[in-house]
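Below is one structure, written out as structure tokens, with a few remarks after it.
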Amino acid sequence: MPSHLALLSCLLVLVLSLDKFLLHYLKRRWLSGGGGSIIPRIPTSPFRPHRPMAAAGKWSETAMLVIDMQKDFVDPAMGSPVLVAGGEAVVPAVAEAVAVARERGIFVVWVVREHDPSGRDVELFRRHLYSGGKGPTVKGLKGAELADGLFIKEGDYKLVKTRFSAFFATHLDSVLKTQGIKNLVIVGVQTPNCIRQTVYDAVELDYEKVMVLIDATAAARPDIHLANIRDMKTIGVETPTLEEWRR
Amino acid sequence: MPSHLALLSCLLVLVLSLDKFLLHYLKRRWLSGGGGSIIPRIPTSPFRPHRPMAAAGKWSETAMLVIDMQKDFVDPAMGSPVLVAGGEAVVPAVAEAVAVARERGIFVVWVVREHDPSGRDVELFRRHLYSGGKGPTVKGLKGAELADGLFIKEGDYKLVKTRFSAFFATHLDSVLKTQGIKNLVIVGVQTPNCIRQTVYDAVELDYEKVMVLIDATAAARPDIHLANIRDMKTIGVETPTLEEWRR
Amino acid sequence: MPSHLALLSCLLVLVLSLDKFLLHYLKRRWLSGGGGSIIPRIPTSPFRPHRPMAAAGKWSETAMLVIDMQKDFVDPAMGSPVLVAGGEAVVPAVAEAVAVARERGIFVVWVVREHDPSGRDVELFRRHLYSGGKGPTVKGLKGAELADGLFIKEGDYKLVKTRFSAFFATHLDSVLKTQGIKNLVIVGVQTPNCIRQTVYDAVELDYEKVMVLIDATAAARPDIHLANIRDMKTIGVETPTLEEWRR
Amino acid sequence: MPSHLALLSCLLVLVLSLDKFLLHYLKRRWLSGGGGSIIPRIPTSPFRPHRPMAAAGKWSETAMLVIDMQKDFVDPAMGSPVLVAGGEAVVPAVAEAVAVARERGIFVVWVVREHDPSGRDVELFRRHLYSGGKGPTVKGLKGAELADGLFIKEGDYKLVKTRFSAFFATHLDSVLKTQGIKNLVIVGVQTPNCIRQTVYDAVELDYEKVMVLIDATAAARPDIHLANIRDMKTIGVETPTLEEWRR
């Protein structure tokens, strides 16, 4: 049946080529929140009453990890070689997720990279980006600052890392476990590297519930984002939208 | 919907150009299994002169990590819930890769899971699979054995892990770094979990060259395998075929 | 190529009709994981809370670590260069401590060294002790066995280490924390090295109560033993006698 | 539309059988970056060997670790509960040792504690010392500053720790090993805790030569200092005076 084979081959190609279209379509409707969306819109409400940190019963065993939301990663104006293409679009969702966490009394950890100007504490494959005291997220430079609109508040915690995973060679597990944190909600960039590595390490470290907010995390491309979300789901990670989580 | 039109134009081109190629290719490779492939054949040559382990100059700084090539993961006959669909197919390539490594005097590390019958040292999300002294890769049971055709030889090293990454809570980095190992060649299963976590940890741990043999590793599905290979390439990981590596 | 034309017509119909279906389908299946897919379903591994392990009320949060009670360390008959002078004398106390632990339902972890015959996984300063496939506590040799009178029973756990601390590059913290262990009772040899390093790491890892049974641990000399006990007391470690602990 | 059903059945079969073909095809065009790919090419980040860092010949493989030389630990005027009695007396020797190190081009790492005002990242047994935003070496407070006479210079490295050992849950090993550091010279306070833990971890981590300058380190009492020096010597640590080392 040669015509069947041909037909089927074409179909296969079709499915593969539709992927990108589908992803973009979904992204447009879903992230920009147009009318009639299949996915709930995420409003960013800037004015919220501030509630002080307090181990608020239900949420006292949960921490939010905000990963790498620094200018060099998410602000195109910086022109950094480590810019994550999808990063800027999720800044409002990250800000909103943090606001929800604070309302609930959830412990917020700002995980950031801050590197030595020499690049001596950077991954080998990125080390060529450092010279003349400059490079991505060098400590003290503008690129290492949090993206506009994001702020560390009293009661939050700042944790500096030098590799992908927030748990790699840091005291994050120490500061979380000793407070009785068992559940993690993760936001930030970027999905295949720092998000995923943090998530896998969290699973390896036996956090009971590990959650990635699917629309408050981002990658260079939507298909990369989604392929990684799929993999994380297979190891028991929950991947709700911000709206689903805030309910 | 003009995007449909665009899509169809693309399809037209694709069909016209790919059709013949696909048919031809499938006939030759898939149906009749002949030679002349665009894809290098992986011969499994059973008879090879044995050369004793010796830090063989060029290769003395390289180690091969063989990950999770255990019956429960790659032998469908075990009926294990952790079977990796694509695993069995790569057993010959893994055996061949190990043979090449031994010829070159490369240090071979067999990374395996061996769990307590109680499941107390397993990831939380898999713990329900353990009861009555049974479960995936329980130490001493058949499922924890290496797949048929794979053997640990004198001079090799066996390393037991309990999580995805071969580096998580093991002395692997210790035993490698102290021997001056700087380069890793990784084979086994499965790509999105144990392979990828080992690879990312290796990059985080500053191994200079990290290599995944693309046809001696496998996942549940080819698209999952490839999506993960793609992500690994973006952080500097090399992904040759076994044939390319053995040249 | 008339078959191509037919094919394309089919495709046209297919695309137009499948588009909506695909979108809907992918959304439902891939992101949320529903049923009846053309794409193999990736089941999200159900998260299960870890099962309680024979938790014996008051003692369910306590584990006993038995350190290095192997022939090469405590049996003078072995003539090992790593013999601990005071070791043999505490074998009965260690056996008794283990018996008490078992009566109480305390989780017993036998921490042992098992080294590669090559010595490649030993501390650098001891590596000269390994040659010809022999050396202290080589895996499989008699010197690596537990001292006479000590036995691993079902329900106990054996943990292999390659350095002083039972926590260094092992999954001990993982297996303890995930069971809810908060308190440690430590016995074995020798006080200044493996005992003390394990103790300090336990304090660094936030175990709530760390206890060393002063007469079920030993060093080369009593003054060394006591000087180290004194230091451990200053960081909050409890150091009762076996008799005091068993009351 | 029954034809759709038939079509989909075929597709299912096709997808399952074509997998391997596609995999190889995609790999060739997509990963090796062939022209006209349907999938955007992902450039592989070029691997660059790390650049040498002002490597000063003989001393390029040596680093000096200056441990906890902060006001709360060594300046009696602070009245801190964590004051080390013998600390103030060694400030000049530490300053001198650092000067010698700099002359030789040795990489100097200032290891300091900086704690959260809440005390949530402090050892459990010291946590009661933190309240009202104050406590030993709280980040930003005077007690966390280096002792008078000690300064971090350009080219030095500051490393924050939260436990005794400079290696516990920090990236110190990462930043040292990747520069090719094999030898450590250690100064600071206090001998039984932070000095000794750092030293033992360094031995466990296979630094080739670990040296403690006996008169540029201190404890609460001389006998404690010396008992710990004695123990460290038994595991191969060198313990010269500053004068002996500078020769």
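A, B, C and D label the chains in the order they appear, each numbered from 1.
In this section, a residue touches a chain if its C-beta (ideal position, glycine included) is under 8 Å from a C-beta of that chain, and two chains touch if they have at least 3 such contacts.
In UniProt terms, the chains line up like this: A, B, C, D = Isochorismatase-like domain-containing protein.
Source: prediction; values computed, not measured.
Chain centres computed from CA atoms place C at the largest separation from chain A.
Counting the residue numbers that touch the partner chain, chain B and chain D have less than half of them in common.
Taking each chain's centre as the mean of its C-alpha atoms, chain A lies 26 Å from chain D. Mean C-alpha position of chain B lies 32 Å from that of chain D. Chain geometry summary: the mean Cα position of chain A and that of chain B are 28 Å apart.
Contact with two or more other chains is made by residues 7, 11, 15, 18, 22, 38, 45-47, 49, 124, 163, 168-169, 174, 178, 204, 206 of chain D.
Chain-to-chain contact here is organised exhaustively, every possible pair of chains being in touch. Against chain B, in their complex, chain C makes its touches with residues 4, 7-8, 11-12, 15-16, 19, 40, 42, 45-51, 53, 116, 118, 120-121, 124, 155, 157, 160-163, 168-171, 173-175, 178-179. Of all residues in chain C, those touching chain D in their complex are 10, 14, 17-18, 38-39, 123-125, 163-165, 168-169, 192-193, 197, 200-201, 203-204, 206, 208, 224, 227-228, 230-231, 234-236. Across the complex, chain A is touched by residues 3-4, 6-7, 10-11, 14-15, 22-23, 26-27, 30-31, 33, 42-47, 49, 174, 177-178, 204-206 of chain C. Considering their complex, residues 10, 14, 25-26, 29-30, 38-39, 89, 174, 177-178, 204-206, 208-209, 214, 221-223, 225-226, 229-230, 233-236, 238-239 of chain B touch chain D.
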